[in-house]
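Two complexes are shown next, each including chain A; its partner changes from chain B in the first to chain C in the second.
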Partner chain A sequence: MAECHPVGFQWVMEAKQRGAVVIHVDPRFTRTSALADLHVPLRAGTDIAFLGGLINYVLQHGLDFRDYLLAYTNAPAIVSDEFGDTEDLAGLFSGFDPATASYHPRTWSYDGARAAAPIGHPEMGADDHDERAAEERLGATGEPLTDKPRMDPTLTDPRCVYQIVKRHFARYTPEMVEQVCGVPADTFRRVAEAVTSNSGPERTTAWVYSVGWTQHTVGVQYIRAASILQLLLGNIGRPGGGILALRGHASIQGSTDIPTLFNILPGYIPMRRAHRRQSLDEFVAADAGRTGFWGNMKAYAVSLLKAWWGEAAQPDNDFCFDYLPRIDGDHGTYRTVLDQIAGTVKGYFVVGENPAIGSANGTLQRLGLANLEWLVVRDLQMIETATFWRDAPEIETGQLRTEAIGTEVFVLPAAAHTEKPGTFTNTQRLLQWRHQAVEPTGDQRSDLWFYYHLGRRIRDKLAGSTDPRDRPVLDLTWDYPTEGGHDEPSAEAVLREINGVGPDGAALSSYTQLADDGSTACGCWIYCGCFADEVNQPARRRPRHEQSWVAPEWGWAWPDNRRILYNRASADPQGRPWSARKAYLRWDPDLRRWTGPDRPDIEATKPPDFQPEPGAQAQHALSGTDAFIMQTDGRGWLYVPTGLMDGPLPTHYEPPDSPVANPLYAQQANPTRQVYPHPDNRTHEVGSQVFPYVFTTYRLTEHHTAGGMSRFLPYLAELQPAFFCEVSPELAAERGLEHLGWATIVTARAAVEARVLVTPRMRPLRAGGRTVHQVGVPYHWGGNGLSVGDSGNDLLAATLDPNVHIQESKAATCDIIAGRRPRGADLRRLVGNYRVRAGLTGPAGMERPDGTDQARGT
Partner chain B sequence: MSNHLSGPVEDVTGQSGYPAGHPPRMGFFTDTSVCIGCKACEVACKEWNLVPESGMDLLGSSYDNTGALGADTWRHVAFVEQVRPRESAPVDLGMPAVGRPGGQEAADADRDVTWLMASDVCKHCTHAACLDVCPTGSLFRTEFGTVVVQEDICNGCGYCVPACPYGVIDIRAGDGRAWKCTLCYDRLRGGLEPACAKACPTDSIQFGPWDELRGRAQQRVDHLRASGVPRARLYGADPDDGVGGDGAFFLLLDEPEVYGLPPDPVVTTRDLPAMWRAAGVAAATAAAVMVAAFLGGRR
Partner chain C sequence: MGLGDWIGRWPVLRQVAGPDRLGRGAASRSRHSDQLAPRTTAADRVVKSVCPYCAVGCGQDVYVSGNRVTGIEGDDDSPISRGRLCPKGAASEQLVNSPTRLTRVRYRRPYGTEWEDLDLDTALDMIADRVIDTRRRTWQDTDARGRVLNRTMGIAHLGGATLDNEENYLMKKLYTALGAIQVENQARI
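The block that comes next holds the complex of A and B.
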């Protein structure tokens, strides 16, 4: 965190000053470790085993927060007796289909009760979707389902979630953690004691993670594992608790809320699928739960359609629901790259991103770029993605030839964040308004300017068209006021459209006002209220000393300016704070409402003893103790009965490249991981002697992601002026690497050269019965700019998490040898020789590292 | 005693000729126990003061690729990697929390690794040798008690360079003049804090009235020592040291030499009276010898 979020780390330092214990779990000793009370190095890619060990520690020692667990989680819920766990099925859950390397989740459901995932299955296979949705509606037995599962408050029923979780993690002992992660059992116990003794009514523990947890083939399950631990310990919805995702850079949270993702619409509404005609009502019924706040999904969806298509969206045309684009499967960034290589994707917009350097497997990225008809790059600098056609490493090796590349490249200079107004939405869902400091120079323009005027010109070209396919573009509300000499659209007008308006045209103040009859328009339901009272709420800057400690008047947090989500859980079932020390919300019986320093996320006047009427819908179906208001059953899910592609519980699988056989299960890697067969995208054999070392990629404070905002600036470039790798003194001795000398790092994907830093901050671990050396590879470099070098991401294979399509880039294997890499065609020969030695010469396909392993190809 | 050349000085600004009512002496307290090595100070300094880039050299000195203070580096973050044998008593992580704030230590299984980070800067000495030896008056004491080079007066003689006991001030290549930290004199005159302190995310660099900072620093070092960081110490905060105390002083977590700082810096002018005395004695002796020789010759 100190490395990549130094500004946010000031609050960790402040907490430490006030007595907080800071523990840093990371394969490397970083700037964060330097300031932590304890650094716990572990083998990259084994965090589920570590977190699972903590879960098991809590359950074996009876350290769960029992009152919280019973009231607010699904620990007592009874699961279908058809469910089979990884303990019984050699590392697979019930419902696995080897032919498609995917799960049918039917057997994971609650016994006799329907649950819906908060955002449905965004892109389950086209044909299965309705079938699965129907299965979930009807339940395993075909009985009509209730929304609330059957409960065993004694937690003794062997089929209740608590017992299932306990059995699932029973083998994640401190000794197993030592064997898998390389963390000594004593060190692990110290962490477990610190976490458990700092949790409970009087204390809370927070987990903070970044892409070290997400960029794995099991990334979603890493976060799930932390969720289970935090729910067991009662650390969600309470001050000082939570699981905090540090995003990759500014406003990545914002670009998930108002998504730049292919499978969701603003506010996490799933994207339409292209399988068959479906009405808006059918769409909502298939994806939304009937109970909980997602029960209002139609109001959110209709308001979105009204914001986009205005007067054209009417009840008789389903509010232009058919104007929405549709997906028919995976259209993620890596699928798109493979489709570029296959020639089916012809054009590509690259905006503020440098995939030739920043994405896994640079070779695949550049082969894709070279096979386009056109490419638009909007950036601050002449990044490698714009110049690949003349200086890609594949040009040097002869894999690509400039004269054979037909891609027409348009490079458009972009305005920097200081040159345009707008918002940043950061990790804690906080929107903060940025004021423009200076005018952009030359042809530099904001992204808002670019898309607004691009849309305006397209609409001008289509004006007068009678072709129905042009209606979605022509009917768009595209009427933002512009200002200044460059006709810059008003960013505040866009924010106000996102906030939404009511029937009177005035700004709405809360998403609870949204209606499904077309009377309200709202561009993103979770942002509704950010322009309440016609005031730019994110621009508020009241100093923290002039308001309550929660600081509700600094910026604006979605939803509803709520600073802690699920904060009903900060009070006990009767509505009293769990302790004076951790008091947050309380039910005031005299005022008959929830009071406290934050906005309650339960309805403010819903009493703790409220019981819903039978048949009630949406939030009205939740009781006064149902703290997890987005869930159909109002409870935090230890066990996920539906919604995940790779199982209801986190399970330790080894990364696709791994130095060891999975010590826990016969199943080596995530059976549902997505693989993209390509000769340049091969993974390594388990325990390969050819690629004996682990490497992990990361960022340095001094550089920004793929370098576009740092390698070109002298004051930043000089601070880390060269691509380097970090190795332990032990590995340096084993491989003859010299401090400040050169090393060549080789995988089946690529070979890159880096300067060597030998440092005691890297250390070998004992794991899986052998010594594991780890190589640190910061990934910022490329050929352009002031600080240049090979790209660490070239070493990676693109193998993905099946839920969110993120790549495994934090744990892989490699070889490292002293000296610089070969030049020209010899470089390809070197990699080719390694492939031969590793036996990776057959047709590129789904590598099955242990012979029994399955992987899902797409 | 006025202590013009060495020793404690009550009011260094007044002593330099500013009338009563001048602003209080301003300075830096750099608390390295909370430094995260982000180098924002280095960048902010260069941005504000238009200091040139100082070279694309990978130094291999941990994450420090800046090396040292100089004409083109007015803030420098040192990174010191230390390996110690495993300490016997593990950190107590139980409840209530008694971590080691600022301890900057983490226990690995077989070795304790410590990574010290510290942002160095011109010390703005009470007795600033650079200023004392400057023949043109380019170096002067500001109304804030800080020491600043006026680049339009500096003639590049370079006397200040060897005079500095810390090796801070230097001649800029291709320019010929001497440059160093101004403690953002222009920002101070505009009522702003220096760029480095403004940019520092953890308040490792604190700017303020010198007296106030020294009180705060003493509290912090007392707190750290009481929390089990016995090596914590202040550096440059003592008016009785060889330079009369530094306007920019530090809290360190190890010996100054570990950070590349001189353990006992002495202003070069401290010895001037003694040197003059010695010279006087020598001159008198020589004169006496000559007189004696002369007298002897007559005999």
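The block that comes next holds the complex of A and C.
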């Protein structure tokens, strides 16, 4: 955090000054470690074992926050007796289908009760999805299901979630943590004691993570593991608690909320799936829970369709629901790259991104770019994704040839953040408006300008078309006021459309006003209220000295300007703070409303003793103690009965490249991980002697992701002038590496050269019965700019988490040798020789390093 | 100026010989440094902004003279950052004023070996033509089993996470209307 979110880290330091204990769990020693009370290095890729150890510690010692657990989590819920755990099935859950390397999750459900995943099952194919949706409606027995599961408040029923979780993690002992993670059992116990003694009514513990937890084939389950721990300890929805995702970029949260992602529409509404016929009502029924705030999904969806297709969207045409294109599986960025190589993707827009450097397996990325018909790059600088056709590493090795690359390339200069107005959404869901400082020069334009005018021009060219395929384009609401000499569309007008308007055309103030009859229009329901009272709320900048510590008048947070999510849980079931020290919200019986320094994350006038009427829908079906208002059962889920591809509970699986056999299960790696067979995308054998070391990729304070915004700046280039790797003195001695000399790092994917930093910050660990050396690889570099070098991401294979299609880039294996890498065709020969030595010469995708695993070629 | 006088101006000598032994006051001053003024004092105006690097969202004060950014400082009003910026945020004046920033459209024709100039309006028109043409050629009404698809798999997009919400919104809206579904972002990476 001190490295990649330095200014945010000031709050950690302030907490430390006030007595907080700061623990840093990370394979490498960083500025964060230097300032922490305890640094716990662990083997990259083993955090589920570590977190599972903490969960087990809580459960074995009876340290859970019992009142919180009973009131706000699904710990008492009874699960179907058909459920089989990894303890019973050698590391697999019930329902695994080896032929498709996927789960049929029917047996994971609650006993006789329906639960719906908050955003449906966006990753599933349509048939699987429909099958699962039908199961959720009717249950395995065909009987209609209730919305709330049966509960055992004594937590003693062997089929209740509490007991299932306890059994699942029973073998995650301190000794097992030591064996898997390489963390001494005594160090682990220190962490466990610190975390548990700092949780409860009087205290809270926060967990902070970044892509060190998400960039794995089991990344979603990393976060799930933290969720279980925090729910057991009562650390969610309370001040000083939470699981805080430190997202990496200025508006990466905004890019998820208003997604440029294939599987969702704005506000996490699922994209449509391929069907013979499906009405809007059927779509909503299949994806939304009947209870909880997602029970209003039709209002959110209809309002979005009205925002996009305006007058054309009417009740008799299902509000243009059929204008939406359909997905039918994984269409994520890595799938797209493979399809570029296969030739089915013809045109590619790359906007403020540099995949030739920033994505895993740069070779695949560049082979994809080289096989397009046309490529549009919009950026501030001449990045490697724009210049691949003349200087990609594959040009040097002869794998590609400039004269043979047919890609037509348009490079368009972009406006900088000071040259356009607009909002970023930061990592705490806070929208902040930037005012425009200056005009861009030359051909520089905002991306708002580009997309508005591209759309306008396409609509002009299609005008008069009678082709029904063109109707969605021609009926689109696309009339934004423009300003200035460049006809810049008004960003504020777009923000107002996102906020939404009511029947009178005035800006809405809350998503609770949205209707499903077409009378409201709203571009992103969770952002509804950001333009309340016709005021640009994200532009509010009341100085911090003039408001409370929650600072509700600085910017605007979604939803409804709430700063702590699920903050109903900050009070006990009766609505009283759990303790004076941790007071946040309270129910005021005189005012008959929730009060506190924040907006309540529950209806403001819903009393703690509220009980829903039978048959009530949406939020009206939740009681006054149902703190997790987006869930169908109103509870935080320790156990996930539906919605995940790889199991209802986190399980330690080894990364695809691993130095050791899985110490916990016969199943080596995530059985449902996504692999993309390609000769340049091979993974390594478990415990490979050819690739004996672990490496992990990361960022530095002085550079930014793929370098487009940092390697071209003199200050930053001077601070970090060259690509380097970090190795321990022990590994340096073993491999003859010299400090400040050169090393070549080799995988079956690529070989790159880096300067060597020999440092005790890297520590060899004892894990899986052997010494594990780890190599640190910052990944910012490429050939352009002031600070240049090989790209660390070239070393990675693209192997993905099955839930969210994010790649494993934090734990892989490699070899490292002294000296610079070969040049030209010799470089490819070097990698080829390694492949031969490692036995990776058969058809790509056939390696099944763990026997039971199936390559899931999609 | 005599030699003694010249040597006497030498800061290190004044620090050793004078009262300002730590060199934090008078001893560190010179005629040159006395004439220095912060770039921010000469600014015509100060514009409130937000740092474009990581997701903390530090407040920035952008100092502007004419149509030029002359400095970017931390915004002390911000309850998030309290006026601080990290090395990247503090270098963002160089980000916006970089002499290597692209100012003109660059074009590489298929199988070409050099960049060529291209008018922005022409480029936009060519891109619009390619979108329309590719969309028509790669359109899928249904799949082999007769399920409705209504899409093109010929056009893909990958965006960075420094795009504004308003920009992402127009992108998703336009691509969805065009039937382009392979729309992705750094948020997936």
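Note that in this section the second predicted complex is superposed on the first by the 856 of 858 C-alpha atoms of A that agree within 3 Å, B and C clash if a C-alpha of one lies under 4 Å from a C-alpha of the other, contacts with A are read in each partner's own complex, and residues count from 1 in each chain.
Just so we're on the same page, a contact is a pair of C-beta atoms (placed from the backbone, for glycine too) under 8 Å apart; a residue touches a chain by one contact, two chains touch by 3 or more.
On a predicted model such as this, the values are computed, not experimentally measured, just so you know.
Touch criterion met: A:T344 reaches chain C, while chain B stays clear of it. Contact with chain C, but none with chain B, is seen for A:H435 once the two complexes are overlaid on the shared chain.
Within the superposed three-chain model, A:F262 lies in touch with chain C and out of touch with chain B [touch as defined at top]. Of the two partner chains placed by the overlay, only chain C lies in contact with A:C524; chain B stays clear of it. Once the two complexes are laid over each other on the shared chain, residue contacts for A:E702 go to chain B and to chain C alike. Legend: residue contacts after superposition of the two complexes on their common chain; A:P714 is shown touching both chain B and chain C. When the two complexes are overlaid on their common chain A, residue A:A36 makes contact with chain B while staying clear of chain C. In the superposition on chain A, A:Q10 makes contact with both chain B and chain C.
Set side by side, chain B and chain C differ in how many residues of chain A they touch, and the one touching more is C. Under the contact criterion defined above, the residues of chain A that touch both chain B in one complex and chain C in the other are 6-7, 10, 701-702, 714-716, 719.
Residues 34, 36-40, 42-43, 46-47, 53-58, 60, 62-63, 65-66, 81, 83, 90-91, 93-101, 103-104, 106-111, 113-117, 201-203 of chain B touch chain A in their complex. Within the complex formed with chain A, the residues of chain C that make contact are 47-59, 62, 64, 67-69, 72, 76-82, 84-92, 94-96, 98, 100-111, 113, 115, 118, 120, 123-132, 134, 137-139, 141, 143, 146-189. Within the complex, the chain A residues that touch chain B are 2, 6-7, 9-10, 13, 16-17, 19-24, 29, 31-39, 41, 184, 187, 190-191, 193-194, 197-198, 203, 700-702, 714-722, 724, 739-740, 755, 757, 759-761, 763, 786-787.
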